[in-house]
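Input: one structure, supplied below.
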Amino acid sequence: MELGFIGLGTMGAPMVLNLLKAGHRVRVWNRSTAPLQALAEAGAEAVETPALAAQAEVLISMLGDDTAIRSVFFDAKALDGLRAGSVHVNMSTVSVALAKELAAVHEARGVGYVSAPVLGRVDVAAAGNLNILASGPAEALARVQPLFDVLGRKTWTFGDTAEVACAAKLSANLMIASAIESLAEASTLAGGYGISRGAFIEMITSTLFAVPVYQGYGKLMVDEKFEPAGFKLSLGLKDVRLALEAGEAAQVPLPFASVLKDNLLDGMAHGQADQDWASLSKVSDRRAGVK
Amino acid sequence: MELGFIGLGTMGAPMVLNLLKAGHRVRVWNRSTAPLQALAEAGAEAVETPALAAQAEVLISMLGDDTAIRSVFFDAKALDGLRAGSVHVNMSTVSVALAKELAAVHEARGVGYVSAPVLGRVDVAAAGNLNILASGPAEALARVQPLFDVLGRKTWTFGDTAEVACAAKLSANLMIASAIESLAEASTLAGGYGISRGAFIEMITSTLFAVPVYQGYGKLMVDEKFEPAGFKLSLGLKDVRLALEAGEAAQVPLPFASVLKDNLLDGMAHGQADQDWASLSKVSDRRAGVK
Amino acid sequence: MELGFIGLGTMGAPMVLNLLKAGHRVRVWNRSTAPLQALAEAGAEAVETPALAAQAEVLISMLGDDTAIRSVFFDAKALDGLRAGSVHVNMSTVSVALAKELAAVHEARGVGYVSAPVLGRVDVAAAGNLNILASGPAEALARVQPLFDVLGRKTWTFGDTAEVACAAKLSANLMIASAIESLAEASTLAGGYGISRGAFIEMITSTLFAVPVYQGYGKLMVDEKFEPAGFKLSLGLKDVRLALEAGEAAQVPLPFASVLKDNLLDGMAHGQADQDWASLSKVSDRRAGVK
Amino acid sequence: MELGFIGLGTMGAPMVLNLLKAGHRVRVWNRSTAPLQALAEAGAEAVETPALAAQAEVLISMLGDDTAIRSVFFDAKALDGLRAGSVHVNMSTVSVALAKELAAVHEARGVGYVSAPVLGRVDVAAAGNLNILASGPAEALARVQPLFDVLGRKTWTFGDTAEVACAAKLSANLMIASAIESLAEASTLAGGYGISRGAFIEMITSTLFAVPVYQGYGKLMVDEKFEPAGFKLSLGLKDVRLALEAGEAAQVPLPFASVLKDNLLDGMAHGQADQDWASLSKVSDRRAGVK
């Protein structure tokens, strides 16, 4: 297929490589030019503007947040590159409000808009094993499914409304954040009785919670290795805020999310913005007076 | 070994069977006599009073809560049956305060007191695959290790202070409770966007949270099958209260536990005391106005 | 002075009357024309567009929220009416983000921008007894002080930065919201022991909390007279959200505000959007299973 | 009347003086003997044991907490001094559970038991201006009303069940604690925008919240004068815990109380146990990274 791809960060770049390997032609654009050379060597065609990348059968975008999407699609006019009849698959995690707005804007231009945020980090993206949460018009979904089969191990579809897959993704993120906080609180509690964080976390992640999400964040807490961050606390705060906004729009109280927001702010106020959000364990310890 | 065993509920009974199978002699006592016959047929000796059961090299107790322990050991005088030089292994989940008190009382009588609460439900107990969290005097721990090897797949030791294993167990329970609440909130949030609880929970427990604790409680939420309860909401409230009390004694703020307590009380106030604590999903839905 | 006044709702209309009585000339504009006749009879000059009202020495605006301000000043171009050298006093309660943005936009046009939200409801406004929280350039503040003297009993100044008075106002509103919630929780607790809400609230608002804010909201709770609303729960939610956003921007965790947001959402989800926010007592009762 | 009085702390001592001035005969007992001489000079008769003090028409007790009550009435056998037909007025703030237990124990001895906790601090007690919250058997209440008229400005009665007045008092205390926390959060939020705590608190306690409870705690926050404590943070934690226990017994979720407990524990963990509970402002500031 003739593809465009906007956003070549740690997730986007390996996804493009997989698409190239699968035989697709990919025109790529990125704000910074650093990732371009490696992708060009692998066969991608670097273009000068996001609108040029958007002139494709299917455009995929993988950007950091609402602000980046607005900046590229509205201010830098990527939208103007989209051709009627094409499909834009937005794999970024964005707010439900923006998803709604984008769906309307694309529909007005005759472009199919698909939300397709993913579960999985860099290594999973590189292996083509992402879990893809997708929603959008059925026909558009069907057209891009072969691309999802390249990028992911499974596609979970959530109907034809663009913001629904976003809501699924934000709900999933809320569960990750809650897992981290529960690990932080429980291990601080155990620590109050002289149990080392390492001993508690080894036990709990070898038994009831023997999955990578707990094991990975648990290890970061035990090693106190929060930099460089796999996922920055400031981004965690953004994700929790998006979940709270989605909850507010749907009139759903989310008390765990509220606690998370306050604790993440506590972390921000103590210089942890650029640390991994596993450093919620430091917030928990700090409140308990643990040095 | 010559053993006593007090508390023949859903957990205790299969544990006794495993001990008998391993060749130990076991004198058993239970408040109600219902479980006695089956165990007697398997070779256990039923005795008339808890104090008679306590006259053993090692006494194991597996009771429901602090009140049951106080009732049997103080009021019904099981303590008086314990011989100097013997060991009492309390596998019940009790408060850190009671563990401290019991350790002192036993020490004064020359009896070794071991805390050994477990992770795992009935089927795990029957299979001898419990995870045992143990703390107590090193010598006593060493003496009872062969029994732990019969009852469990692994023993996690937490030093020589009786209440420490209790703290570890309460911390683990807090994580289970938090997992349930996070599943409840996230699926109610997804539901606010038209995603069925079943669709969300299938996705999340097939991907990031593919472990029995999430899968099992998730299934209960989806099926809305809260009775008969695997673990009653009222007992969940008790466990969360014990975690909060442990936190207070160690000066550890536990905001997730605080949310849990309020939500469990909300459930209690709506007739859910005897439902499985997975019915926290009903609290979450009710607050969001979901019928 | 030659004044413009935009926003003639329940607060704005009596404020205009007071300004007229004090001898000022006032050109007024409002989205709906209902309030215009009465004000015209009192001497105000009704104009066709907000930009015409803005052509004055001092423009005062008193609108409902950020959206209304944006709609009038940006979309309906009130901004274009402002003359260099004039002052715009925004007495609406808006977000700190919008206050910042407006200050910059006005400065670029050579217009002094003063934030001046108020404490006090309709009757207080009519009596000219508002408490005015003001911040902005010193010269602009000095110029409008005679107007504040007409409208209020006291002006509390908070320096020269526009958003600071907004932050003060949002902090004050958070205290009001907290007072309501504490009255709701405490009276539901008392109710759990058979004390009628009326008996508890009479006692507490005659003793420790004998001030109108507690007495007024307490009376609404006791009478269960939530409609017509003095201040709608949906607006209360907006105010709490603004406080949370202000907290997030300044990295200040606000756990009471977080609880309030969840409880107000619970109210929204149960059809209380248009009821007075004193109906937080219904949320509290509902969670406790009180009919 | 012939009275006994147990507990001569900062509250009890001036109350005894008022009773003496009103012409009553008072036998007094206190754990430490320090307060005895001054009271003896004023006409009180110091006795050697609490049981001797209890031999009176009416015994009044004013002790610090459940533990002190249990120690004096059960361990030190004050109960044994009470004569059938007499009345015991317990003006201490105790748990609803203890009030229930004491009511039963007294009834079995033919002694009327009245709960009568008070609102007001030392100076209010000295002036005989306490607000007395009372519940108990109607006949007993009637008999002690003349004493309440000496000690207080008003008696608020809550029926014939002993624990109900306790619940009223704990609910009132929850409102005080909430007022402090809301003042702390709001002033930290204002501080995030450069408003000094003094400026914000002066404004808010001169306008909406112009009552001693806000003014007094506000002044402590502004002056950062937390020692010697008027009311220690550790006692505040005890009161909030009692409210939470009362809530749990009546199945009433209390999310503000839950936040308070976590924040008070945060204070405890940072060495604030003996500081005034107005130092909740330090918790709020600390979480926001304010030095």
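As written, the chain order gives the labels A, B, C and D, with residue 1 at the start of each chain.
FYI, a contact is a pair of C-beta atoms (placed from the backbone, for glycine too) under 8 Å apart; a residue touches a chain by one contact, two chains touch by 3 or more.
Worth saying up front: this structure is predicted, and the values here are computed from it rather than measured.
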Where chain A and chain B overlap in contact partners, by chain label: C, D
Chain of greatest Cα-centre distance to chain B: C
Centroid distance [mean C-alpha coordinates] between chain D and chain A, Å: 53
CA centroid of chain C to CA centroid of chain D, Å: 38
In chain B, residues with contacts to at least two other chains: 247, 251-255, 259, 262-263, 265-266, 269, 287-289
For the chain D and chain B complex, residues of the former touching the latter: 237, 241, 247-248, 251-255, 258-259, 261-263, 265-266, 268-269
Residue ranges of chain C in contact with chain B within the complex: 255, 262, 265-266, 269-271, 287-289
Touching residues on chain B, where the partner in the complex is chain A: 96, 119, 131, 133, 154, 156, 158-159, 161, 163-164, 167-168, 170-172, 174-176, 178-179, 181-183, 185-195, 199-200, 203-204, 206-211, 213, 243, 246-247, 249-257, 259, 262-263, 284, 287-289
